[in-house]
Amino acid sequence: MTADLLASVQQFYGRQMRLSEDGAVDEWAATFTEDAVFEDSTEPEPLRGRDAIRESVRRGVARIAAADLDFRHWFGMVDVEPDADGGVFTRYAALAVVTPRGGTAALLGNADCHDHLVPSPGGWLVRHRAVRFDGT
Amino acid sequence: MTADLLASVQQFYGRQMRLSEDGAVDEWAATFTEDAVFEDSTEPEPLRGRDAIRESVRRGVARIAAADLDFRHWFGMVDVEPDADGGVFTRYAALAVVTPRGGTAALLGNADCHDHLVPSPGGWLVRHRAVRFDGT
Amino acid sequence: MTADLLASVQQFYGRQMRLSEDGAVDEWAATFTEDAVFEDSTEPEPLRGRDAIRESVRRGVARIAAADLDFRHWFGMVDVEPDADGGVFTRYAALAVVTPRGGTAALLGNADCHDHLVPSPGGWLVRHRAVRFDGT
């Protein structure tokens, strides 16, 4: 049971974060529920709803493209805990690695993250994500 | 079989290392057997027994708190090999990432690690851990 | 199904890359098919065939030994997609971490990688690997 759950979450995270890295903004936003909440420890207010999350990542993708960076998200040390309704609470570490064109890879930061994932016909959706950046 | 074993070890490592990161010294020590041995390539002698391991991590947690750092352990590239008694030999890479308050994340070091894990009613326990830091 | 496949690929990657890190050049080359192709975004031409791949890694291992470095490969964010013949297409992130003797760990680079793995009696073999280094 844990094996299936952990594998499905690991696979989901790989696919989800590649969508944003590949600039697929709409497809990335579609991995959140319509009513999803995204908390970021460097922002005063959470993003509320898929539309707000989509517009935020759209700006992020545009900034990264303008800076001509490769921006990679590593999620690891994933812990899964089923909820009572077929969903799962996860905790994981996230590492951001950026490389400028012709330059050297650098750590941008590490974060301690909590998700609440819920099932859908197309796979997991994020209902709640809380990202606490280290050092904040 | 490998899937269940690998998932249970990955999940254990995530939970175990978060205990030390969260400062839960007693709970972290409880993930080792009473007679556990902890070898560290930067120390002249191994730690012998759960009590010695607990006191060592207690000092580590206090140093990290005094330095006001977020200290993260990434375990990855996990390889599992069952022993003959329901336990498992593992080999994995460990990366330490530290971030000072208000500062930038940095790699502290990478290590090549070997564990012997044994089953208990509450899950895996570490009977032997050998951490060889790169560059030593 | 995904759990078994993902676990077997994760376990394969851990074992495969440790072979090159341990300098086991012939054993590493044996994880590729005889007709394997290895594409590297920093090289003008792909390596074609196990022999060419073996000689390339032999030179790499010798350079790393001469520089007295610990060189570690982290593969993560692994995504698996079965092909129609018992093989699997994978996409993953690869991070290279190097540590000089007595020195500090550093990121050498991050890469976005695609493999085509095929089954063999001894486990997975790489038929095709494409490594696109970030920043190139």
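Order of writing sets the chain letters: A, B and C. Residues in each chain are counted from 1.
Just so it is clear, a residue touches a chain if its C-beta (ideal position, glycine included) is under 8 Å from a C-beta of that chain, and two chains touch if they have at least 3 such contacts.
On a predicted model such as this, the values are computed, not experimentally measured, just so you know.
Could you tell me which shape the graph of touching chains takes: line, ring, star, complete or other?
Shape of the chain contacts: complete, all pairs touching.
After a C-alpha superposition of chain A on chain C, what does the rotation angle come to, in degrees rounded to the nearest 5?
120
Quick check on chain B against chain C: do more than half of the interface residue numbers occur in both copies, making it same, or fewer, making it different?
Since fewer than half of the residue numbers are used by both chains, the interface counts as different.
Could you work out how far the Cα centre of chain B sits from that of chain C, in whole Å?
Result: the chain centres lie 26 Å from each other.
Among all residues of chain A, which ones touch two or more of the remaining chains?
3, 6-7, 76, 107
Provide the residue numbers of chain A that touch chain C in the complex, in ascending order.
Touch list, chain A to chain C: 3-4, 6-8, 10-11, 13-15, 17-18, 21, 70, 72-76, 97, 99-107.
Enumerate the contact residues on chain C facing chain A in the complex.
Within the complex, chain C contacts chain A at residues 2-3, 6-7, 76-80, 91-93, 95, 107-110, 112, 134-136.
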